[in-house]
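Consider the two complexes below, in which chain A is the common component and chain B and chain C are the respective partners.
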Partner chain A sequence: MSTFLQACVNGLLMGGFYSLMGMGQNVIFGVMKIVNFCHGEMLMVGMYLTWLLHQTFGLDPYLCVPIVAVIMFCLGAVIQHTLITPALGTKSFTNLLFLTVGLGLLLSNGALVLFGSEYRSISTSYSMTYINLGPVTMALPRLISFGVLLVVSVALFTFLKYTTVGKQIRAVSQNPVGAEVVGINTKRIYILTYGLGVALAGIAGALLTGFYTIFPTAGASFGFRALIVVVVGGLGSIPGAFFAGIFLGLLETMVALFISPSYSDLIVFVTFIVILVVRQLIVLRRK
Partner chain B sequence: MKQAFFKKAVSVFAALAMVIGLAGGLASARTVAAEEEPIRIGTIYAMSGGNAAIGENILRGIDFAVEEINAQGGVNGRMLEVVRGDHAGDPAQGKSEAERLITQEHVDVMMGCHMSTVTEVVAQVCTQYGVPMITAISTLDRLSDEDHEAMDYFFRLCPLNSVYVEDMLKYLKDASEQTGEEIKTIAIFTDRAAIGQELIRCVELYKDEYGFDLVDTIDYSSNATDLSAQVLALKKADPDAILCDSYIGDATLFVQTLKAQNYIPKMIVAKANGFTDPAFLSNLGAAANGVASVVEFNPDLLNGEEINAEFSEKYGLNMNGHSAESYTVVWIFKTAIEAAGSTDGEAVRDAIAELDIQGEFPGGRKIILPYDRIKFENYDLAGAPHFRDNTSASVAIAQVQDGEWKTVWPFDFTETEILYPAPLQ
Partner chain C sequence: MLKVSGLQAGYGAVNILWDISFQVGDGEIVAILGSNGAGKTTMVRAVTGILRPSQGSVEFNGQELAKKNARYILDHGIVQVPEGRQLFTEMTVLENLEMGAFNKETKAHFRENLDKAYGWFPRLKERARQAAGTLSGGEQQMVAVARALIGMPKLLILDEPSLGLAPNIVDDILEVARTMARQDGLSVLLVEQDITKALACADRGYVIENGRIALEGTSAELQANEHVKKAYLGI
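Take a look at the complex of A and B:
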């Protein structure tokens, strides 16, 4: 029983990260209908930014979160304005696919040139602190990270639901032509959403540095899971992505616990395919 | 007419004299050259690309030995000279570099390489041209198996992969002498990639011979996002010792996750790789205390302390396994060439095959590695014939104590005791 509880907690703590990555991906997809294939690399950039801030100014990784978010937002906005918006005009999915995949390669190889292939980590006074709650143990950095993720998620919901800009973003995502007709500047919304999505990946990266090593290809496995989260949770749905992320985290640990850790990846991907097929069948039947 | 004849005769004489003089001069020049022409050691390592740092460490060991030998007057009165080739991690480039070194640079003997796949190709070229070759660090078992029996100019100094694992098991067996607790159950925790498969294969090969019960094998994909499920499975199996092989990112995450899941295994023994990466200690600090790993050399090894002091004074860093093994190979070549009395490929090859160095090199140091004999032999390894390996080769086990790697096994080569159970803090 205690192992089961521990596995639940582990799944929840990890699932939070998948959620955050998936939500960032979904904000972008919802509005522009493009899959951001460099989402994992953005997470890696967030990790290196946090590391740099920690090395140069001695900032605590959690204090870096807002700074990293702002820098990453700007980076995303610049990329959207200079690269993606022009490519959107071509209406070609392949163009955007190659653009984002290429950006990802550029970022990870850029990091390799700048920082080398060493695995770095940030150690703080509390990075080796563990909290015991009855039968369950949690690493303090993971717990703090999870807390911050929850706050960020709630803030994102509120922002999209109640603020004017949030409403504009949702309007563009539902009907871009209609939104333009009622006077919303869609190009500006595109810049905002891509910046927002990238900032969310950056936040995830900054939060990871508390307990994960930093290296140029660190984003790959997270980026891939973000894609699963988006597909399982529903393309464009923010709450869907949130719950799908948690579900993925729990699924991984439960499979490992009840079947075998060796099969956890396999079963996660099989589940992913099954969900895709079942959903397709339902859609077809409705038609 | 007479004058013309005289002139002709004089010029013929002059020409004759010149030819004779020239030939004499040339002959004397040649004998001088033979005395002074250095013995050329070809080396083929990665000097560019992602593995350049490894090549650099190896070459430091070689240069150190060459300087030492030249300062003593060289080999048979001839100096040693190193001719460097660069394989950049690519077997095709390794092959062309080997051909260049042999046919254009006329190297007498060859050393290499860092990656076993490249070593294999280079060894074939060396055998084809009859140039003796010794690898200091290529550990892949199959380099000396039946399929490579015909590569008879190729010798291996370092232990094989399966010897690494056998030594890990020997260590677990011997450790009870100091810890007072016998190890009965073991579990494997490793990468799903090739390194992990190799560890699993070797443990399966030897576990019964050493009487261990393998209770669980846990694997994961490289650069895992999370290892808590794997650690929970280990916790459930609760073995007396865990054997592991991981790259640095996963090795770091593994130890952190052990702490996070409140599971402190009594013994962790790693097959080097990520665990001996310098980043492992700097990432984890005190949390790494108690983790043990295979090492080919460690600065505190009783045989190696003296040379490490000289080496680190010269290069500003400690000697590592690669530099120590490469250093030793240069001394093997020296001893063999002296025994052969020439640099003729076949004679040197036969001398290497005959060599039996016990304790120390003639006119040199004690063997600086964790064993005291070097002899290349054909033998049976777990039922399969192997050829021209140094059968006495073994590794040492070092353990992180107070944030530093300390040799703890073989007991004859160290004064440090095993830290048991591993505190991980």
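Take a look at the complex of A and C:
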């Protein structure tokens, strides 16, 4: 029983990261209808940025989170303005596919050139601190990370729901023609959206460094999982992505506990395929 | 007052509008008539800055607006109710109406304009918290008109308000436009395929054929015109 509870908690703590990644991907998809194939690499960039800030200024990784978020937002905004917006104009899905996949390759190989292939990590005074809650033990960095990402998720939801810019983002995602009619600058919204999505991936990266190793392809598995989260949680739905991320984290740890840790990737992707097939069947049945 | 002259516009290499000239005076209701594909919606897009015209001028109250962007033109008081309504279907009615207030001035007057809009269309008040996509077609058209009115237009462009709606609802919406033109001096540009309804409401009209103005006149003149009778009224 206690191992089961422990697995649940571990799954929840990890699932939060998949949620954050999925929500970032979903904001971008919702507005521009493009899949950001370099989303995982953006997480990796966030990790290295945190590592650099920690190495050079001795900053605590959690204090780096807002700085990383701002830098990543700017990076995303520049990429959107200089590369993605012009590519959107061609209305070619292939162009955008190659663009974002290519950016991902560029980033992970750039990191390889700059930082080498060594595994790096950040150790803090509390890295090895554990909290006991009844039968469950939690590493303090994981717990703090989860707390921060919950706050970020709620903030994102509130931003989209209640602020003028948030409403404009939703307006563009629901009806770009209508948005132009009411005078919303769609190009500006695209820049904001991509910056926001990339910043969310960067925040996830920064939060991971407290307990996760940093290497050039560290983002890949998170990037893939973000895609699963988006598809399972519903394209464009922010709450959907949040719960799908948690579900995915729980599923992984359950598989690791009851079957074998080495099967967790396999089972995750099989589940993904099953959900896709079942959903398609339901759609066909309705028709 | 709006004065459009020699307007040309199209998409890429395909030119749709060849030479469009017309005027709308203050408090006047002017109909732009034409069949499907005549270039009416392209004309609306070119006047409102969503499509950049390749040539010609759009002068509004002495200001040249051709080739300005959509937001700039909205700021100068030309607001459209687009063809097909173009609402934000998953947002509430109230949120849709909020989107109509695009600048400082319209935001500052949002409350009073909202009350006015609810006065014209009481049903929207009841449905304020409902997702716009769950409303009936007629109610959605009311939301689109109310959203435009919240933008405090000096010139209101109604693009195909009759599309897919029951005749009595179209009459209601045209009646609102008429009353606002008479009472508040609002200029209305009514772009319609339904020529009978449009001429019953408008003071004057222009007929677009193949991207050119083919005919113009008062509503009575156009109703009596042989070509209009034959080609559009089936008489």
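By our rule, the second predicted complex is superposed on the first by the 286 of 287 C-alpha atoms of A that agree within 3 Å, B and C clash if a C-alpha of one lies under 4 Å from a C-alpha of the other, contacts with A are read in each partner's own complex, and residues count from 1 in each chain.
Criterion: contacts are C-beta pairs under 8 Å (C-beta built on N, C-alpha and C of every residue); 3 or more make two chains touch, one makes a residue touch a chain.
None of the values given here were measured: they were computed from a predicted structure.
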Chain A superposed: clash or fit between chain B and chain C? fit
Contact-wise, after the overlay, does A:Ser262 reach chain B, chain C, both or neither (first, second, both, neither)? first
Check the residue A:Ala220 against both partner chains and state whether it touches chain B (first), chain C (second), both, or neither. first
Which chain makes contact with more of the residues of chain A, chain B or else chain C? B
Between chain B (first) and chain C (second), which, if any, makes contact with A:Thr94: first, second, both or neither? neither
Once the shared chain is lined up, is A:Glu252 touching chain B (first), chain C (second), both, or neither of them? first
Output check: A:Asn185 vs chain B and chain C. Expected answer is one of first, second, both, neither. What do you get? second
A:Arg120 in the overlay: touching chain B, chain C, both, or neither? Say first, second, both or neither. first
Per the contact definition in the header, classify A:Asn175: touching chain B only (first), chain C only (second), both, or neither. second
Which partner does A:Ala7 reach: the first (chain B), the second (chain C), both, or neither? first
Using the superposed model, determine the angle chain B, chain A, chain C defined by their C-alpha centres, to the nearest 10 degrees. 150
Determine the nearest approach in Å between the Cα atoms of chain B and those of chain C after overlaying the two structures. 36
So which bits of chain A does chain B touch that chain C touches too? none
Touch list for chain B against partner chain A, complex: 50, 192, 218-221, 223-226, 228-230, 232-233, 235-236, 248-249, 252-253, 256, 259-262, 277, 279, 283, 285-287, 425
Using the touch rule from the top, collect the residues of chain A that touch chain C in their complex. 164, 167-168, 170-171, 174-175, 177-185
For a test of understanding, state which residues of chain C touch chain A in their complex under the given definition. 48, 50, 70-71, 74-75, 80, 82, 85-91, 95, 98-100, 102-103, 147, 151
Touching chain B in the complex: which residues of chain A? 3, 6-7, 10, 14, 17, 117-121, 123, 128, 130, 132, 137-139, 142, 211-213, 215, 217-218, 220-222, 225, 252-253, 255-257, 260-262, 264-265
